[in-house]
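Next up: the structures, one after another.
Heads up, the next two complexes both have chain A, just with different partners, chain B and then chain C.
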Partner chain A sequence: MNNPWLSLSQRIALYKTEAEMDLKTLWRTPGFILPCLAFPVLFYLLFGVMLSKGQHAEYLLVSYAAFGVMGPALFNFGANVATERAQGWLTLKQISPAPIGSWLFGKTLSCLLLALLIILLLFVCAGAIAGVRLYTSQWLQLAGVLLLGTIPFCLLGLTLGLTLSAKSAPATINLIYLPLAFLGGLWLPLQLLPSALQQLALVLPSYHLGQLGYAVIGKDRGEPFWVNVAVLVLYSLIFIWLATRRFRAQSQDRR
Partner chain B sequence: MTEPLIRIRQLSHSYGKAPVLHQLSAELYGGEIIAVLGANGAGKTTLLQLMLGLLSQQQGEITILGQAPSQIRRAPQLSGQLGVMLQQASLPGQLTVLEQLRLFSAYYPAPLPLQTLIERFGLQSFLQQRCSSLSGGQRQSLLLALALLGQPKILFLDEPTVGMDVEARQRFWQLIRTARAEGLCILLTTHYLEEADALADRILLLKDGHFIADTSPTALKTGLSQRQIRCRSSLPLNVLQQLPGVSAVQHWPNQQVQISSSQVEDCLRQLLQQDALLCDLTVSAASLEQAFLQLTTTAETH
Partner chain C sequence: MTISKTSGLSLAAVAALSAFFLLLPEPKPPTNSFVLGPVQVFDGHQVLPERQYIEVRQGFIHSISKQRPDTEAPVVDSQNPDGSPQWLIPGLIDAHVHSWGNAQQQQLSFGVTSAIDLFSAVAQLPERKTSRDDITQAQQSDLWSAGTLVTAPKGHGTQYGMHIPVFNAPDEADAFVAARKAEGSDFIKIVYQSERAIYKSMPSISRNSLQAVIAAAHRQQLKAVVHIAEQASAMDAVEAGADGLVHSFFDSRINDRLLQALKRHDVFVIPTMTVYEAAVRGVSAQQVLLDQTALDLPVAARAALSSSRNPRIPAALYQNLIDNTRAMHQAGIRLLAGTDAPNAGTYHGLSMVLELTLLQEAGLSLLEALHCATAAPAQAFDLPKRGRIAVGQRADFLLMPRLQQPTDLLSAQVFKNGQRVDINRHPPQRPAVKAGALADFSHSDQPLQGAAFAASSDQMMQGKSSASLTLQPQNSPASLQVNGKLVPGAAYPWAGVAWSAAADYQQGLDFSAISRLQFQVRGSAGTYRLLAFSEGNQRPAEVSFAVTADWQPLEISLSQLSGIDPSRLSMLVWTANPTPQAHDFTLELAEIKLLANSGQ
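Moving on, here comes the complex of A and B:
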């Protein structure tokens, strides 16, 4: 056991190959990639640019970007993992000598790239069409915060993917995704919601992701940023724990 | 052939209160193809999942290359020695055959070179196709290539030729025989008795969670009391039924008869003496199917 199974360069090659294959898989599934890209952009153009006549273009850029990056995280990990599980593919990987980390790495990287693409598309819409003007440091901060902020949603997706059946996964994930975005204040500003719902928002990861984004343009509700970060980290830890449990239990429910 | 690669000792397993496997023991060696046969629900899949560490063991002991199956998911040094073709595994459809081979090759420190794989498993003609568009035979060839590309010591095959046509199946068998010649221990579960007969050196017959036979296909068949005589004979039915050891006689209009007898040599001697015009004679050993049926049904009366 002293000799590692793969040398360092072989391990790097493995992680690269896993990421390449997961990206190719995503890229060749237009039914997945198009809605992921189109919905945030369409919502932004409709509500952020046309209906509000550009008044809230800045605020809604953050809203729909946060909403947008949650999508691939939840669906690539949720629905796609559920499918791979149902196909017996996950079992084959589990008993192969590949470290499971390489599989997770591949999926995470493709989620992040897709999230980045969504962010860039929205930035282009905001800058070119809605006339949003931000400092370079703000654009960069916003992109960085949103990318890092997808991690807990990847982990939530993974937990769901390891739990739900392939058939029910897409619908169930929508049932979680859309309310999470709405109640987290990513569709409508929280002030417009009843106060009970405003209280509820404080425990949702989507709210804290949104707040981190709004803080970049100075439109957050004023919690110290470490509170938002702490909640997201806490959620990540919970989902890591749940996903690990589900992963270990995988073999037990296959007969 | 000195050390068994897989050792099963006193293995029992149950789902809740329903017992599935009872006190199984066997030792499996390199260079042999072992078929686990049994009706549906006999415990084949459970046994396989226990060996792969997909189910946690309850009673008894399994060692795979000297280690517990629970190590398979932890130690690549162990799982890297195993090749597995799972029954229901379908490949993610968006990747091509070549991409899938590249991905799996990255799991091993010294995989077979791609070119060797492509030639040996006949993948050239559909290398650039997406996995979703493969035929049953092509898909199974790819899955076998994935199972063998790490040059394992043990190969697990769970119903590998389901959905293949005759020609594809023959080719597939040849690939498995090649793997045996290289010294692999090959464990096969199958519904096709013909497949077990053609491939296996050894048959583990599983019934109600017990191994009721652990022997070669030939021994299994010759161990059977019944053999069949087919011929054309003008002898009347009641005479045929009086012959030594006869348990059943079937007859057809053009004087064709099939006699099942437990003392086939004595039976033949008398038959030829009594009927000088007898023709079209064949004597057949029991097929593996008959052996299977006879063994699994006689065991029921215990």
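Moving on, here comes the complex of A and C:
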């Protein structure tokens, strides 16, 4: 897998090509992009603006933005990797001399781009329609926290994509995505859930991503931020380990 | 070439993103810097000898001087039309409230800029801390809270349907206090009733436990205050080392021994005259507020303040409370003004006007009473930078055209953190119900208006009664049947069927256009009650009615439902009446209708 004969500029070119290709793929599947973008925005407009009459617009902006950025991370990685695996595309990548990092880089970049689009769209809705007023530093922090916070979910998506079959992936990922968001307190404030579920939330990455976001607007539950960060880092490490195992198993299978 | 194209593109993207973030709307900079004066100042302790100028910078009082400070800051007009100076007093501090929902907004709208919460849900604690540290907010009062109180199993505090940890034995004290501190309690509140109390209301922790909890609180640098309701319990609490008593008592005249002990240990007392007066004597709210037609009081406030006297307590006992308060004041014991809102007969914020009036009735001057409502509670509970008009304090104050009587507070301009509060005392209107059927039981037990019919019983408050609903669409008339069992023993026993206006029980519907409620009823013979609740008012209006085994029509005039706000009616409950023994019952309701005023 290590290719000593590739020069640095060749490597960079490969990373660029992969990124371009993945973005092109994304661009050519509006059936995937549009729901990804529309879901959190519609949810926000419905619950954050219309139903709550804008009373909790700020809080729900964080909720649905966190919910929104989890989507592309899980689906673009999960479902697409499972499909590419089924099509033999991953096998091709594994035996080609191109560094596998370039493939991951392309996927991560398109995830982040989608996440950024979702964030920007929600920010426009929040600022223009819901009357949310935040300091520029807060808007930036929120975007930053959410973008970085997608990384553990990208890794979870990757693990799932390397594990699930192409057919079962979308359904299974939904089964993980939606409860993760709900139990993490991203649909309803956690206080409204039964106390057993509130305890459960503490071990979910979605809860900790949400808390980091709420902290920006001073509406978190008061844990020190490094606890949230530590949990997310821990999850990332676990998923890296799991994904690496799956990835190696794939290569083994072929031999 | 390609490189430069890419970098050009990325540069454009970065520029577009920066522009985007710069264009996102920012909060308006708070206008919390200004000069106010010349004003007469009551600083929380005394009236300052001369007229003063107050300079506020970024929400804090920056200077107080006889000369107008030389600054660019805008000047807030503080003169009456006749040229006389207005009064400036510190924002009020209510030293005994239970805060949830929009209580803090309500308090602020009546000039209560800080409050001491003596038991409410712990989930709200972190947000309250964030809010009170925020020097830019002017939407709500600042709150310090006891969080969960310390009480015995089935003791006072457990009857509200909120699951709370209870205290069993003295050796739990350190862990119990530590748990409260971890949840965010700012101090410890203990519910205690002495073994020597004649009328035992509910189980209480023991005297040893009381001592242990207070000692544990002090070891963990928290103040410990005690809920008592009689002289014997007060004595025990003082001897156990309590920092304060959150109620006074009217079971007897205070004796010298207790007075000396209070003085020696420098214990403060929150007499909560308002809530006692409403329950025992029940005249002040009417005289001071409700009869004053010039006051524009919200309907909800009128409903909350209208008579809630407990007929089982002799009204004459209230004199004991007056005498005790007077004796404590004369002995130099620290008194704090606290209302115990939102209990029966009180309304957040507005009740402070009553508390001050009642303190005056007990012999305090208006300024002494105001001291009990400003500097005294801030000092007793160590509230930082609040309760006084002095340099370095938060700019929480009231600007008043005159200062002669407590009702003058109602015409004050309220400043919170140096911002003028946009006062709106009238809560938002609720949607109106329409005259006509409330339900069609031949199709569904879902009401045509409102959220739901549901079986309801005191089980949610740890009672033992029960109820279940069956829809009987084939009956004539189609009905909703309750099978229930009413078991006495709970504080407020009930079992029956409840109609709720909204799914969260918090919001009501506007019944102002409705004059009468009509329904058919039959069931196990006996007396039943209709309870009507309005928003934020735990105490329902009640009407009794008799039921027989045969269908009979009943009509209840909404004017019979006194003490609630019909423009925010949140729940109707049809319940069996408690009897000395547990009993099973069946009750059937049909053709529930609302009739409009004009009698169409």
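In this section, the second predicted complex is superposed on the first by the 246 of 255 C-alpha atoms of A that agree within 3 Å, B and C clash if a C-alpha of one lies under 4 Å from a C-alpha of the other, contacts with A are read in each partner's own complex, and residues count from 1 in each chain.
FYI, contacts are C-beta pairs under 8 Å (C-beta built on N, C-alpha and C of every residue); 3 or more make two chains touch, one makes a residue touch a chain.
Not measured: the values here are computed from a predicted model.
Superposition model on chain A: chain B and chain C are shown accommodated side by side without a clash.
In the superposed model, more residues of chain A are touched by B than by the other of chain B and chain C.
Once the two complexes are laid over each other on the shared chain, residue contacts for A:Q191 go to chain C alone; chain B is not touched. Looking at the shared chain after the overlay, A:G127 reaches chain C, while chain B stays out of its contact range. By the touch criterion defined above, A:A166 lies against neither chain B nor chain C after alignment on the C-alpha atoms of chain A.
With both structures placed on the common chain, the touch criterion links A:I95 to chain B but leaves chain C unconnected.
Taking Cα centres throughout, chain A sits at the apex of an angle toward chain B and chain C that amounts to 160 degrees, reported as a multiple of 10. The least CA distance from chain B to chain C in the superposed model is 15 Å. Those residues of chain C lying in contact with chain A across their complex are 20-22, 24-28, 123, 126-127, 129-130, 134, 184. Remark: chain A residues 120, 123, 127, 132-136, 139-140, 143, 191, 218-222 touch chain C in the complex. On chain A, the positions that touch chain B within their shared complex are 1, 5-7, 10, 13-14, 17-18, 21, 24-25, 28-29, 83-84, 87-89, 91-92, 94-99, 251-252, 254-255.
Touching chain A in their complex are the following residues of chain B: 15, 45-46, 49, 52-56, 72-73, 75-77, 79-80, 82, 84, 86-92, 94-95, 99, 102-104, 106-109, 130, 150.
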